[in-house]
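Scroll down for the structure; my scribbles are underneath it.
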Amino acid sequence: MRRQDDERMRFARLDARRITLDLQADDLLRAYRNMLRARLVDERLAELRAQGYAAGGASCRGHEAAQVGCVEPLNVGLDYILPYYRDLAALLAIGMPPEAIFLNQLSRATDPISGGRMRPAQWNSRALRVVSASGLVATQTLHAAGIAFAAKLRHENAVAVTFFGEGATSEGDFHEALNFAGLHHLPVIFVCENNGIALSTPQSAQMSVAHVADRAAGYGMPGVIVDGSDVLAVIGAAREAFMRARSGLGPTLLEVIVPRLGPAGSMPDPHDPVEQLRVYLISRGDLSPEADAQMRADLAAGLDAALKAALAAPLPDPATVGEHLFAPDSASPSPTNPADGGKER
Amino acid sequence: MAQQTMIRALHDGLREEMARDERVVLLGEDIGAAGGIFNATQGLRREFGPARVWDMPLTENGTVGIAIGAALAGLRPVAEVQFADYLFAAMSQLVNEAAKVRYRSQGEWSCPIVVRAPYGGGGGGPDHTQNVEAFFAHVPGLKVVIPSNPADTKGLLKAAIRDGDPVIFLEPKRLYHEPPGEVPDGDYLVPLGRAVVRREGSDASVITYGAMVVESLAAAEVLAGDGIELEVVDVRTLQPLDFTTIAASVHKTTRAVVFHEDVRFGGFGAELAAFISEVCFDDLAGPVLRVGALSLPTPASPELETAVLPNAETLVAAVRHLTTLH
Amino acid sequence: MRRQDDERMRFARLDARRITLDLQADDLLRAYRNMLRARLVDERLAELRAQGYAAGGASCRGHEAAQVGCVEPLNVGLDYILPYYRDLAALLAIGMPPEAIFLNQLSRATDPISGGRMRPAQWNSRALRVVSASGLVATQTLHAAGIAFAAKLRHENAVAVTFFGEGATSEGDFHEALNFAGLHHLPVIFVCENNGIALSTPQSAQMSVAHVADRAAGYGMPGVIVDGSDVLAVIGAAREAFMRARSGLGPTLLEVIVPRLGPAGSMPDPHDPVEQLRVYLISRGDLSPEADAQMRADLAAGLDAALKAALAAPLPDPATVGEHLFAPDSASPSPTNPADGGKER
Amino acid sequence: MAQQTMIRALHDGLREEMARDERVVLLGEDIGAAGGIFNATQGLRREFGPARVWDMPLTENGTVGIAIGAALAGLRPVAEVQFADYLFAAMSQLVNEAAKVRYRSQGEWSCPIVVRAPYGGGGGGPDHTQNVEAFFAHVPGLKVVIPSNPADTKGLLKAAIRDGDPVIFLEPKRLYHEPPGEVPDGDYLVPLGRAVVRREGSDASVITYGAMVVESLAAAEVLAGDGIELEVVDVRTLQPLDFTTIAASVHKTTRAVVFHEDVRFGGFGAELAAFISEVCFDDLAGPVLRVGALSLPTPASPELETAVLPNAETLVAAVRHLTTLH
């Protein structure tokens, strides 16, 4: 009874929100499909890892609504996105093909992300303006500030959105980036996907404040907290942040509280963002159980094909290992060390 | 004596030093309940309590800076950094602070910290496999230790913890689990500043350290098949460096190859080769060769990593080249 | 008329405060003497610099009340002090002899601070628990946190107090130090001597918040703003911070707003902390103009003697340059590089 | 041609590049209205406006990280760091990010930044006089440039700004004001990767760079009085390194001294000496000697600084030693 009331309240809130946000059924179905697809890709990646096929990477499980919601207002190809290793759902949503993800996870030669040079999930796509990520946490927050500053000075109207975990906020880079962004009212959005833990370290051993967003005031920017199980709430908060950024009002620190879900196959979790949206869409008649099943089947078929293609792709060619250290036209001495090439002896 | 892994030897070394000296404290990310991402500190928080094993927030610069503070206050902090690549974030604290505090205060203050970090190849890509020893060995005021086997790991770690000055303790992570090795029972130290000849030889010397010691011993086997006897010198501590043992070996064999996993250009091997070339000038039958990685970041995929990093084969080729031509 | 009223109000506030703080005339005269002495030392240092005698250093002019007030509750020899280059008045107040300051400014062999190894004003005194300072801003904030953590774990009841300018708060170290201190409720006091400028950079180009203290909330610690012209106000705020630290309540970020005064010899400035205290003490009969003149003359005589002695002290001996790189019993290879000593060839 | 100081040449180089290419922006602490603590950017904010000359908050790591971001977005940032010693605070951004972004993205992204910093001796003490070149020259993906005179300063700076990759541009601050030198009029480049013979000689080669070039030329005068003709090779760019010019000089003179102000142990001179010892093995009449600072922090007082850093005299002694014995 109680449970049903809760659900009614929640659905009513969602009804109101979709009106406010002017989201049609199609929009919601697209968000749902993006989240579901990310979930399915993520499950396949977990299987690959379990089979010893792949070298690492982190799950976006539970973070789907946070990520899909945050990139909803993104102007793909104009705005810059500086993700962290968990941002699979964000990347799929903005148009990175699943096959690229699989190639990346499998470190294949044709992996468009790094060609096997980086461990999986250090994202990159020039075409999508996904800035090449390192394996270090928080460093990209400064790049986002620098990009936003450049964009602002050139009147480009581009926004830089960067993602990181709550643990990453303990690094000095975070402070330096937010300070600079706040100072110059830069068009940058700092999205903290707060899952309450950094490897083994709980938030309570990371900072003494209840919310990462509590730090925003120290940088003269709004700190917004949003429920990361609820994609509509995230879309609302993200749109507000993009609006602020685009209209010259400056940066936002957006803290998305994401649920920690059990592993794939465990009990359905009421905080599961994919499940929450599914139940709502079905209750409102936007999605039928049959259509849902069909969507899953279609997605699965597409992913199976993509994975198969990725598994068939060649491994990196050692002969290419020296490429792209410097620009092709790089000033380099015509002579090179006659003693060089320790390998070749 | 017992067969142990390097990670076990590390763990036991930490545990014994904590038991011996209550000033020894550990700090690092995820080292407490989780026991460290490579398990070096497994169980130590339970055994010694949270006052001796500090889980740090996610900041390497902060971890090192706070360790320095704790050392200034009289403790003997041992900091773990999850990958040596993150030490770059703490460089200013290490180079401008830890290395200089004794000197600048005319000995009034000192900074007996140990900073431990796994390093080097074995998968991880450009920012999780860097060989960082050259950066630290060059800094007056820092000591740099690199073990190549479990027994040395324990003995060197204990010596580093008891040392009165900052020590960068670099652990070749690809040796963490294998090969295991005999580790003496009880308390023992391997003093800083002493190289050791791991295998005697007469035709050429390889001067090496860390994971490349294992590769060198494998190469020596192969070369023995050719009738080339390779002497393998394990440097063990880069700063202070045991010039005498190295020079004596080259004096005997007249041929030297300097071998490390790091990029050759500007690597620590340059110091070794420059020093040997100068001091052993009249002994040398041929040039001192250097074997190291190509001047590239280390890619993550095994195929590409192998193309960049040197190994036993690379060394064999260099020694053959040297012994054939000179 | 207006001006006189202001002064009456101010004096009344000071009267009330000295009662609250239980400060006797002697206490105030001691604070005054410490501030005045710092001013006179500072003026001599400026002269030495003007004469080309000395290699640098920064003036504490205007910062005297901030510094003298902040160390008033310090338990000298137990508590740790991690100063920055401006903290001359703090060091004199806790017992560093002026001659040491002059020897340091002149880089003499007998300089007890660094024997000429550091530029002037990179303070140090083991006996006074003044931790050796580098020439980099903000790095010492982490050391203070580490010291406080060590002290807390060993139940030593020592407090670490560290000083820095508002510019230094833009460095990542500041963030990392405050985060850690707040997390563990450490007995540390972060004193920001806010003079509104960092070399040429005004605070408005350094951060977007009005007060450094605004950042404290993000670290779960109180941020206190105090008028650095008013030594009594500073003493009150400092005592509160020390009390919090000693009783296990944790750190404080204490922002002391210090005035920027004209150079020595310029017009008296109503914000001058030394002058403010003098006028008050005279108005209350705690100090007569004659006693003030006598105090100045005595101090000046003492300083002249100290400076004379310092000028006569020997320059550093190059033969000592190799000392103290490592511990005397340092593990070092018996052999050293036979090729070493490039100088000696 | 006009006589100019190095700082003037720097200023003019920046100004001309800003005028030529509107993507060139400057960033650093106190570089705007104040014109930089050494006046390199004097007047540029007034001339080009605040959108091109950014006064940064007090953070070197932030300055470099933000420059990287601006470069990723298509600008050509030139960052000033007030003293090279502060670069250690930005090491992770430089080594883990700037140096690797092109490689890790297979060339999709690049990072054309120039990071300028005054460095080396001339007063300042342990953390304001460090010679930092060895740290950067060792990193694949970074270029390292060190001018020794005003004309090169301008030409190399312009080449660095036009280069597509990150360049660490180290300015020997003791040469900022003297000696002045002839600077060509108009636009010209000194390409990266080319050493130059500053003075021809036949008896020995000194391989050097930066402020030690000036010392070397002084030493060559003294030695000429003894009848020893010293060839002075100015390396100019450490990465890429012009192996050929260096080897050709040693091939000719048969004797080499490697000379830098930095601490010798593990310094860039080790690379030079190791490479020469190997490649010129059959040419060498004697060992390659290295002259550098003692393995100590550099103290502030002039008496102590002089005791630690090398100079023309130290070089003269080394060359005499080498030419006498070999």
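Brief remarks on what is shown
As written, the chain order gives the labels A, B, C and D, with residue 1 at the start of each chain.
Note that contacts are C-beta pairs under 8 Å (C-beta built on N, C-alpha and C of every residue); 3 or more make two chains touch, one makes a residue touch a chain.
Only a predicted model underlies this, so the values are computations on that prediction, with no experimental measurement involved.
By number of C-beta pairs in contact, A-D leads when C-D and A-D are compared. Distance between Cα centroids is largest for the pairing of chain D with A.
Annotation: 37 Å between the Cα-based centres of chain C and chain D. Mean C-alpha position of chain B lies 30 Å from that of chain D. Chain A and chain D have Cα centroids separated by 41 Å. Between the Cα centres of chain A and chain C there is a gap of 47 Å.
In chain B, the residues that touch at least two other chains are 57, 59, 61-62, 85-86, 89, 92, 96, 100, 103-104, 125-127, 140-141, 241, 265, 275, 278-279, 289-290, 295-297. The multi-chain contact residues of chain C, meaning those touching 2 or more other chains, are 114, 117-118, 122, 134, 136, 170-173, 176, 179, 183, 205-207, 325, 337, 339.
Listing the residues of chain D that touch chain B in their complex gives 85-86, 88-89, 91-92, 94-96, 99-100, 103-104, 125-127, 130, 134-135, 137-138, 140-141, 239, 241, 258, 263, 265-271, 273-275, 277-279, 281, 284, 286-290, 295-297. Taken together, the chain B residues at the contact with chain C in this complex read 25, 51, 54, 56-57, 59, 61-62, 65-75, 77, 92-93, 96-97, 100-110, 140-141, 143, 159, 163-165, 191-194, 240-245, 247, 275, 278-279. Contact residues on chain A toward chain B in their complex (touch as defined above): 55, 107, 114, 116-119, 122, 134-138, 167-168, 170-172, 198-201, 205-207, 315-318, 321-322, 325, 337, 339-343, 345. Across the complex, chain A is touched by residues 29-30, 32-34, 37, 55, 57-59, 61-62, 85-86, 89, 123-128, 264-265, 289-297, 299-304, 306-308, 310, 314, 317-318, 321 of chain B. Residue ranges on chain C touching chain A, taken from their complex, read 170-176, 179, 182-183, 185, 205-209, 214-215, 217-221.
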